[in-house]
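Presented sequentially are two complexes of subunit A, the first with subunit B as partner and the second with subunit C.
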Partner chain A sequence: MSLSLAAQINSVLAALILLTSFALLVQRRVQGLLHIFAWQGLLLSISTAVVGYSAGLHHLYISALLTLTLKVFALPYILYVLIHKLKIHKEVEEVVNIPTTMIIGIALVIFSYDLTSPIRELSTLVTRSTLAVALSTVMLGLLMMITRKKALTQIVGFLSLENGLFFAATSATYGMPLVVELGVALDILIAAFIFGIFFFQIRTTFDSLDLKEMEKLKEDE
Partner chain B sequence: MALLVVLVTSLLAAAVLAFVGDRKYAHEINIIGSGATFAASIFLAFEVYESGPMLAGGDFFFVDAFNVYLAVLTAFVSTTTAIFSRKYMKFERAHGRIGHKSMRFYHAMFQLFIFAMLLALLTNNVGVLWISMELATLSTVLLVSLYRTPAAIEAAWKYFILCGVGIALALFGTVLLYFAAEKVFGEGTQGLLWTNLSQASGQLEPTVLSLAFIFLMVGYGTKVGLVPLHNWLPDAHSEGPTPISAVLSGLLLNVALYALVRCKVIVDGATHSNKTGYIMMAFGLLSIIVASFSLLRQKDIKRMFAYSSIEHMGIATFAFGLGGPVATFGALLHMLVHSITKSAIFFTVGHASQMNSTQDMSSIRGLVKGNPLVGWGLMLGVVAIAGVPPFGVFTSEFLILTAAMKNAPYLAPIFLLGIAVAFAALFKRAMPMVFGDPGPSQRPLKASHFPVIVHLVLILVLGLYMPVFLNDWFHKAVELLK
Partner chain C sequence: MIRQYYPILIESLQVILVLLGGPLLVGWVRMLKCWTQGRRSAGLLQPMRDVTKLFVKETVLAENASWIFRSTPYIVFGATLMAGAIIPVVSADLPLAATADIIALVAIFALARFFTALAGLDTGTAFGGMGTSREMMVSSLAEPAVLMSVFTVSLVSHSTSLSHMVHELTTVSFVLRPSLAFALLAFILIAIAETGRIPVDNPSTHLELTMIHEAMLLEYSGRHLALIEWASMMKLFLFASLGIALFLPWGIAGIDDPGMLPVALVALAVKLALTGVFIVLVETGLSKMRIFRVAEFLGMAFLLASLGMLSYFILE
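Up next, the complex of A and B:
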């Protein structure tokens, strides 16, 4: 595989990842969110493997495999079990309506491109054009966390943000050193268990997973 | 060698305590674990004091004057907190606020938290630094929600989400740092080692590093509790068990600030300007002002001292931003004295709220009559934290103020205003709680006095006399951070 072909494949994958980020913003069904999140993980894993192949770096295969198991199977499965146990089938409720969210999202993407433009010119990697996409994914994940009310959708937003970070690590550089990547994967796994426990705690205490209920701790006026 | 013992002991203690659970000697094992870590950290400090900065474990660990004193401090406060937690948690268990399983969880996570902080301090790899900061967050999230009250769960959720996002941005900053370093050091771990990065910082691309610093500042700044990223802090401190408030406030904030300062050194070397300093000064001053005015309207005692922590971290951040030998010396000292004083205050606050079975300040009355040592402990703690001489906080604040007058005279009045408002607010609240007549519901308590007394004596000593070795360390650290 020639370098330019690898670069082109990667650009396509980057575009698709950005697309899934927007899809997460418009999806109204909770199960649909999980499917899109799994797709995003799969794209990320393929992209990592492609970078690894074209650059001849074998440790990236391990990262790709980690992403595949963690973000395509393990995390969506955990969330899937949770929504069944907790019987969450309702539609996603948003704070800001979806068309407005989309427009804010587009503005964020432009902002990310602008912010990373000086770095893009410095990079000599095949993957350099994808750094802006990575930052956009981070920003869109953040946007999703801000504009959603349910604990579960906030978590999906958080994980998608994490995907963006991972994409940044493989796109700006050829992946972080393996020690760091393993550590990050471990942290995410622990975080997944913690929010699992959290859902049950929130459910039993508040009788719902709606974060509207959690507005007691405010400053007294 | 001592370094390995420091790290392994706390990890081992966490594993042992996970098995021991709620059995009779769990509290004692917790104390022994922390105590052993403390002893090992002193040995480590001796090694570093005698032979200077050292690299260990294939460059994976790096110990110098800057982090060794924080490591000793972390181990020390964790030991005294473990001693305090013995009586405190027995009381909570006896009164049914926490159950059998929670107790096991509490002990194991306490030690894991200490391990995470020590790893963050001692590692040479900025990637591992990030990982251990995240581990420190994760290990305390479920401790904040230990009481399972709606407010506690809300606080823990906020802590989890806000710090999670914050620290995720710090990872982005770390990725950018590595991106710049890769051009100089090539593939692999070498590009993430702090010793390499700070040495070759002149060769790193300044535009990338400036961008990286913004992300690192927002990321680690969230964990330091700087305004406007501080929302999680008062909630997490007020709703969790008091020993956890003490270590969060006294240690975790310090470690996060440490991470930020380490990154600042690299970025400054690349940009050859004090841009990062100005950013930190702005965040610091804003924190001082917002926190000190927020102090005025607090009702919950732990919440009030949480805001006081924001104020003091603001002071240290401001001083690091100011730069120069005097301000940096002041900042290093301030991290030390704030940590010791604030954890002592949380110890007495924990007992005070147990005696009155409330955290509401208007219902806590007459502590001196109820339990003189708790009452006076709180009073002296407040006197010390407000910056009254001869306590150590006065010394550090005075140093920082002197530097501010010299280098940024127009900012000094703002700094002073913050300290003055905080002083007034703390005294206004503390006087009625300490003196006056106790309410009818107050109950006697077997309090644990030893940790409070040790901390207060230390803080008094540090105000009157600076030990030679500490002075040496601080001077070396100042050189390093120049």
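Up next, the complex of A and C:
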């Protein structure tokens, strides 16, 4: 595989990751959200492996494998079990309506492109152009956390934000050191468990996962 | 001698192809649809028979119909045929293609739609007005998206002239381009909306309340209806071949290459047959959506088209 072909495949994968980020913003059903999240993880893992292959860095294979097990199977599974136990099947509730969110999303992509353009000039890696996509994924994850009411969708937004950070690491610097990546992976896994415990706590206290309830300081009388 | 008349020949071939191809493509789609539903089909030529039947029928005009109502069928038919003379269907070497670029092409389609909408309002019937307002809603959302989508292809091929674009895309070596993939997805969504297929509009509906395009034409009969129906069949053909020209141009004969024409015709037939299969798969798999979901559907097309354009700048 030549270097330019690897770069092309990587940019196609980057574009697809960007598409999944938007799909997360548009998706109305919780289960669909988890499927898209799993797809995003899969694309991320393939992209990491392609970068690892083209740069000859073999530790990236390990992080690709980690991404695959964690973000494609483990995390969606944990969240899936959670939504089954909590019996969440309703449509996602959003603060800002979906078309407006999409337009804000496009603006964020342009903003990220503008922000990363000086960095692209400095970098010499083949994957440098995907940095803007990575930053947009982070921004879109953040946007999703802001515009959703329910705790579960906010968690998916957070995890997709983390995907963006991971993608930024591989595209800007060919990945973090393996120790750091292992640590982050473990953190995410632990975080997912803690989220689960929190969900149950929030639900038993407020009878719903709507985080608006947490803004009230006093109980209703 | 033959060189001198070559532009005229190729242009007439193209126009004949568009005139006959439209009903044939619609016939093919209907045939496939019948097969998927386990019915016997009326054959490939049925749309053509329908049109010729309508031509010999009497034309009934509403008493208060103005000149707009009477001239609209001719304007629509003429505009669609004009568009058919511009899009490189089998050969990039089209003399008329130089007269209008892709922006003008979108405008020609818009002209036809504008007059259809006026004619829908002209007779003052309730369904005509309702159809018009729906059609205008769909088209006002679809037009920016279609422009964004074709501009992405223009960016890649550095031109807005269709024959240059086809020439450019067929001659450069193949590169994986995410921007074109996004633009293609957006274009498919828009083409479905523009040609009034399921899930946006149902071309074979008989229920006035669910109609979009057909509701505007309820007052037409005879040769007027024949022209409009024929034009809308050609429109389907043209959107299919525009998509082929922009995104799958391989097989279209290049400039100064008349020997490629037979190959180009076969390639076109194969691609259109596959497009028909795709349309039928979509229409069998999906149901018509609520009218207010159409805005979201076209918003998605706009999003994909803008992502295509952005990824051209970001990734390529």
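Everything below uses one rule, namely that the second predicted complex is superposed on the first by the 216 of 221 C-alpha atoms of A that agree within 3 Å, B and C clash if a C-alpha of one lies under 4 Å from a C-alpha of the other, contacts with A are read in each partner's own complex, and residues count from 1 in each chain.
One rule holds for everything that comes next: a contact is a pair of C-beta atoms (placed from the backbone, for glycine too) under 8 Å apart; a residue touches a chain by one contact, two chains touch by 3 or more.
Nothing here was measured: the structure is a model prediction, and the numbers come from that model.
Engineer: Should the pairing of subunit B and subunit C on subunit A count as a clash or a fit in the superposition?
Structural biologist: Because the two structures are overlaid on the shared chain, the partners are seen to fit without clashing.
Engineer: Which partner does A:195 reach: the first (subunit B), the second (subunit C), both, or neither?
Structural biologist: A:195: touches subunit B, not subunit C.
Engineer: So if I put the vertex at the Cα centre of subunit A, how wide is the angle out to the Cα centres of subunit B and subunit C? Nearest 10 degrees is fine.
Structural biologist: 150
Engineer: Contacts for A:14 in the overlay, against subunit B (first) and subunit C (second): which applies, first, second, both or neither?
Structural biologist: second
Engineer: After lining up the shared chain so the two structures overlap, which partner does A:42 touch, if you call subunit B first and subunit C second: first, second, both or neither?
Structural biologist: neither
Engineer: Taking the superposition on A as described, I'd like to know which of subunit B and subunit C A:132 touches: first, second, both or neither.
Structural biologist: In the superposition, A:132 contacts subunit C only.
Engineer: Have a look at where A:176 lands relative to subunit B and subunit C in the superposition and call it first, second, both or neither.
Structural biologist: Once the two structures are laid over each other on A, A:176 reaches subunit B alone.
Engineer: For A:113, using the defined touch cut-off, is the partner it touches subunit B, subunit C, both, or neither? Pick first, second, both or neither.
Structural biologist: second
Engineer: Figure out whether A:99 sits in contact with subunit B (first) or subunit C (second), or with both, or with neither.
Structural biologist: A:99: touches subunit C, not subunit B.
Engineer: Pick one for A:26: touches subunit B only (first), subunit C only (second), both, or neither.
Structural biologist: second
Engineer: With the superposition applied, I'd like the minimum CA-CA separation between subunit B and subunit C in Å.
Structural biologist: Minimum over all C-alpha pairs: 18 Å.
Engineer: What is the shared patch of subunit A, the residues that subunit B and subunit C both contact?
Structural biologist: Of subunit A, no residue contacts subunit B in one complex and subunit C in the other.
Engineer: Considering the complex alone, what residue numbers of subunit C touch subunit A?
Structural biologist: The contact residues of subunit C facing subunit A are 175-176, 178-179, 181-182, 295-296, 299-300, 303-304, 306-307, 310-311, 313-316.
Engineer: In the complex, go through subunit B and note every residue touching subunit A.
Structural biologist: 125, 127-128, 130-131, 134-135, 138, 141-142, 145, 148-151, 153-158, 160-161, 164-165, 168-169, 171-172, 175-176, 178-179, 182, 187-189, 191-192, 205, 207-208, 211, 235, 239, 294, 297, 299
Engineer: Report the residues of subunit A in contact with subunit C in the complex, numbered from low to high.
Structural biologist: It is residues 5, 8-9, 11-12, 14-16, 18-19, 22, 26, 98-99, 102, 105-106, 109-110, 113, 129-130, 132-133 of subunit A that touch subunit C.
Engineer: Which positions of subunit A touch subunit B when the two form their complex?
Structural biologist: Listed in rising order, the residues are 57, 115, 118-119, 122-123, 135, 138, 142, 145, 151, 154, 158, 161-162, 165, 168-169, 172-174, 176-177, 179-180, 183-184, 186-187, 190-191, 194-195, 197-198, 201-202, 205-206, 211, 213-217, 219-220.
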